[in-house]
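In what comes next, subunit A is part of two complexes: it sits with subunit B in the first one and with subunit C in the second one.
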Partner chain A sequence: MNATTTHPSNTRNDVVAGVESSCRLPLMVLFISALSWLLLATVFGLIASLKFHMPQFLAGTPNLTYGRVTALQADCALYGFGLQAGMAFILWLFVRLGRTPVASSLMLTIAASFFNFAITLGVVGVFCGDSTGFQNFEFPPYAAWTMWISYIVMGVIAILTYSNRDEQQTYPSQWFGLTSLFWFAWICATALLLLLEHPVRGVVQSSINWWYVHNLHTIVLGFTGLAAIFYFIPKLLGRQLFSRQLALFAFWTLALFGSWGAVPNGAPLPEWIPAMSTVGIVLTAIPIIAIVLNIWQTIRGHHERLDSSWPLKFTYVGLMFWVIASVQLIVGAVPSVSSLTDFTWFTVAQKNLWVYGFFALTMFGAMYYALPRVMGIEWPSPAMIKAHFWLTFLGVVLSYIALLVGGIAQGYLLTNPQNSFAVILKTTLMAVRVSTLGDLLLVVGQFAGLLNLVLLAVRAAGRELKISKS
Partner chain B sequence: MNFGPFVFIGVFCTMIISWATFVFGPQVQIGGVQPELTVPAGDTYPIYRTGAEKRGLDVYRVNNCAACHTQQVRPAGLGPDLMRGWGMRQRYSVAEDYLYDYPVMLGTQRVGPDLANVGARLDRQIILNHLYDARNERLPGFVRGSVMPPYPFLFKKQKIDRTPSPDALPVVTEAGYEIVPTSDAQALASYVASLRQTVYIFEVPPPASDKPITMRPATNSPATPMPAK
Partner chain C sequence: MSQNDKQNLRRDNEPSAGNSSVPMWLVLLVGLFFYWGAMYLDQNAGGFNSKVYHPFGNYEEVDAAQPKDANAQLIADGKRVFNSTCSLCHQPHGMGEVGKAPPLVGSEWVLAPKPDRIIRVVLDGLQGPINVKGTEWNLAMASWKGTFNDHQIAAVLSYIRNNWDNKAPAVTEEQVKAIRAKEKARTQPWTAQDLQPIAER
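So, the complex of A and B:
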């Protein structure tokens, strides 16, 4: 294995197109439902945001308390969108890089339907007051188990597809993708068993909850997004990845340190637990540097080409958001900073940037690249792709900067005991207002994205119909 | 070359390291913690929540109050919590405080104040007033400019039956009617009022000035519970 293994080439283009069409139906189902959940998540986000300016807004409806709406926003984005878009991309990646058809298209579609049923069940459950009370793991047990089982079925099909591969040489993206699948199965099983079925006592629950949330973000979603970055940036630039070794080094160090905790400093746990978590988060600086260096060297001299296609733009901006969000996580884990920023908008800004900035953009990039090739149809409206990109980008940036600045201000104001809570809120209200505007842009952007996707699906269905008639 | 098995084993190892550190480790160390005795009074702590307080925790969970309120006071140096008076008598939160809670809702956001000790700061009636409408100037303990949403569905309007209910809120409503808290609101207020981490225990012994004079000043062993004389 040498340092500059060529990027998986596309020599047998016709064969590739043949195997890729095997995942038409499941990919369409997964992407359409993923984008629908994301749209719903952003709508919940907007409602939650509006409640800050008008506390009476929808206050009379017990199902729509601020707490429930924010919980649903995160759950729809993480599970409905995150896991499904991730699964769709990983499957397509295994099919394409392995040059093999998907193991069972029908089973996959059925599992995806069950998965969506589970998310619906979970959302309705939280809505009606059946939430578990664990942050980002609010789905009641019946929904969470259904979700986990259907995820396992989809994951097994993805792994079978991977092991059926025709092309034996593996590429770093496949490693990232595989790890993401294993990881979710594992952390979700842990949370299901130790938080819901046989709950552990006291704050051990919190430790598991923090560990689960952190791993869901950094490893499950993070590795999926990184798989897309490692695949698309070299591929669409027509370059070789600078160093396979460096990519694998980043992979192992990130899997090792990126999975440590995120337990806030000062949490009511034995001191070594938050300390280990801080050490792990700070050490992720190593893989971050490795990844930035690797991609930088890959791009070097070809920056002007980054603008050449929408998928590339989405992926590249996603990478930049990943770097910013990762660095912010490190900074926020240092005790002298966390004493100010923990429990403020600062951490919310980081999580939103991670999910809606980094992860969502890389998945959109993958979708815009993969679907036309899988379906054999062009995107109905390039203008809507453009709108989707800019609205999402502006929405994320606006809301991020506002919450970041608001969070830091909130942290500083809290250190002075003379400032009452109402005064602090008043000061940060402007930031929250700007972030509401960002949330609104996000909603419109996701609507454009979903509409384009649905039009593509309608067009594809029309073509199938025509073929079957003639 | 097929790296599949290596990836699998390697990934499994990293997963185990992280799992052992943040799931198994804490469980081994504090998963079996038992109630202990307060210092110096020697009472059992914590006390198991029953009745309305226990039901109130469910109302708190269902409406996800933890989205805006934390229940953890960080030690000095790791946050301004003690300075803001959230920890009674310089007492910060420790694992023991949450022994019987399920689920433990420490929270991640402070849109509103920390509630770890709210029971020691506010009385039950003010908590009820805040639930009805934290900004209503007719209600004692109102907070001007608060963004806490009102929870009208936790209250009901009922016809005054001869004498007004003692629980009725002093707010204006239709003549002949009064606003009273539902049993959910009562339970939630009882739960919130029960949130107090004011006693000293082994992990957070009383500061030097609070110690009984009979105690030997220089000792490395933690203060042992002593019967009050």
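So, the complex of A and C:
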């Protein structure tokens, strides 16, 4: 059924379908690209993890050295997947909660194509050794600029959609989504200017880099995932969100404190910088408590309904991963702990849990909920949704636990100067092997997810064809 | 569709947010965390001095760890002696105080090219009338020879000769040692008059 042919009616489904069908094309493009980049990211992750205990693996290809592969893994996951899935969800959220069509579906699709072109350019650039050398910001300038500009265009369309909204009363998810858009535009511009265009000197570069990476995770991806959590948990439980004020409180405290932590305690910077950073991270305990309290009060008495649908399950598990990863960040920021865990697998475990556990799961939940409604088509294979969930879940948990334990062990061993570095690396091999298994599950899971999505797209295309013929 | 219908639609289908306020204990907790944060920064931020890097806790530690030329080290040691003892009477600003002690800043005694008189003053004390910067004082200062060793006396004298606006050659440990030996027999504090025969240049 093509929504433009339906008559305006009073039933909710038709109204919603009418506005939501406006984002069919951009949503499809964004989600398919996002999941493809994620699949690629997990493949790179698997290669990197294999290389760690099988150094001879792909050793002859300079394009696939460990350094390049890990960089590509992070970049594909953060930009290719993270920003695009986030954009798709935020856009859909604005359309749905604002009850207004996308400001410009065509422009958005064009911008999304440019965005993907930019990511491709960046990946090829890094692949060929043109990396900038900044962690999680490896794309060469030409790719990074193209990416930033096309993101801005998409962001402007999303913001226009938001301000066109028919429903004036806003819902917390909208604040989180909107902030995430602005935040990325800001931090990426800062990094582009201060790291690539007019590079600041010496160790200040590292602190800009740390600040950027931290904000990208905590605020840009974090707020997007939280927007999904705040929306889907009440929505799918059929409950009211416990408190708007508490959500607002969490919003401000997290935006405030979540943005200044980043600098490791051992960083070669004046003491006050890591000290401020630690305080900032520890203070995020406040928004964590506020959010957990808010959601817990919302769910209270309805726990049994939590696994009533896949989108809800994805979102809820995503929330749990968010809590664990956030708490780990706090613990790891305390000097007595960080002196053990900094620069070990411990921090890698935290970042992976954040991106592949918390963020990805909430975005999958959003996708599984939104796409059938936007497209008017059911998911081709429920079994594949299940596979996607369990493989991702197990993959994340397995590699998380392995790297967490491995990281702590590594940290303890490193404190003793008697231990040779090579020997320490060898003792963590077991953990890395287990995490490789997790990475493998993750690849298979992402494959299932993407396949289901492509099948949905094929069905949708088939239907469009039929309609245009008749 | 009327505005009212739309409102209902929203209420029926999309989540709304309740009106419970932020619990008081959470606000208190924020205060507690802020308190902790302030304490933490107080102890770990190195006084927000951009010269303090890990593993140093504050600027004094950094400064102490810097290699110094012998003179700077002597003066730094002297500062400690002065702050703990002499500043009680001569005041931290070195300007002295009526009824307590004469000034050291700009004092012709302190700034004499040869420190032979003030070494004696500090070793054995001083009493009776003395003219400092045109003002007559008539008080008494105890002897410090039992309290400080040669190095400390050389240090504190070098410090007062080179702090504030004072500028005069440092005093060496050897100079103090020689005079201590020479005046070993002395049991009484010096008077300005006793000091007259001691050469100042």
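Just so it is clear, the second predicted complex is superposed on the first by the 458 of 470 C-alpha atoms of A that agree within 3 Å, B and C clash if a C-alpha of one lies under 4 Å from a C-alpha of the other, contacts with A are read in each partner's own complex, and residues count from 1 in each chain.
Keep this in mind: contacts are C-beta pairs under 8 Å (C-beta built on N, C-alpha and C of every residue); 3 or more make two chains touch, one makes a residue touch a chain.
On a predicted model such as this, the values are computed, not experimentally measured, just so you know.
Colleague: Per the contact definition in the header, classify A:Glu167: touching subunit B only (first), subunit C only (second), both, or neither.
Modeller: In the superposition, A:Glu167 contacts subunit C only.
Colleague: Considering only touches as defined above, state whether A:Asn452 meets subunit B (first), subunit C (second), both or neither.
Modeller: neither
Colleague: Could you tell me if A:Gly266 is touching subunit B, subunit C, both of them or neither one (first, second, both, neither)?
Modeller: After superposition on chain A, A:Gly266 lies in contact with both partners, subunit B and subunit C.
Colleague: With both complexes superposed on chain A, which partner does A:Met276 reach: first (subunit B), second (subunit C), both or neither?
Modeller: After superposition on chain A, A:Met276 lies in contact with both partners, subunit B and subunit C.
Colleague: Who contacts more of subunit A, subunit B or subunit C?
Modeller: B
Colleague: By the touch definition at the top of the document, which applies to A:Gln84: first (subunit B), second (subunit C), both, or neither?
Modeller: A:Gln84 sits against neither subunit B nor subunit C.
Colleague: Go through the superposed model and pick first if A:Thr436 touches only subunit B, second if only subunit C, both, or neither.
Modeller: neither
Colleague: Given the touch rule stated above, what does A:Ser22 touch, subunit B (first), subunit C (second), both, or neither?
Modeller: Neither partner.
Colleague: Given the touch rule stated above, what does A:Pro62 touch, subunit B (first), subunit C (second), both, or neither?
Modeller: first
Colleague: Please indicate which partner A:Phe343 is in contact with in the superposed arrangement: first for subunit B, second for subunit C, both, or neither.
Modeller: A:Phe343: touches subunit B, not subunit C.
Colleague: Let me check the overlay on chain A: which residues of subunit A are in contact with subunit B and also with subunit C?
Modeller: 169, 265-270, 276, 335
Colleague: Any idea which subunit C residues touch subunit A in the complex?
Modeller: Residues of subunit C touching subunit A: 1, 5-6, 9-10, 12-23, 26, 29-30, 33-34, 36-37, 40-41, 44-54, 56-57.
Colleague: Please name which positions on subunit A make contact with subunit B in the complex.
Modeller: 1, 51-52, 55-57, 59-62, 65-68, 70-71, 129-135, 138, 162-163, 168-170, 175, 178-179, 182-183, 186, 190, 194-195, 199-208, 210-211, 215, 252, 255-256, 259-261, 263-270, 273, 276-277, 335, 338-340, 342-344, 347-348, 414-417, 420-423, 425-426, 429
Colleague: Any idea which subunit A residues touch subunit C in the complex?
Modeller: Residue positions touching the partner: 8, 10, 12, 15-16, 96-97, 99, 166-167, 169, 171-172, 231, 234-235, 239-247, 249, 253, 265-272, 274-276, 278-279, 282-283, 285-286, 289-290, 293, 297, 335.
Colleague: Which positions of subunit B touch subunit A when the two form their complex?
Modeller: These residues of subunit B touch subunit A: 1-4, 7-8, 10-12, 14-15, 17-19, 21-23, 25-27, 29-33, 61-68, 70, 72, 74-75, 77-81, 83-85, 92-113, 135, 143-153.
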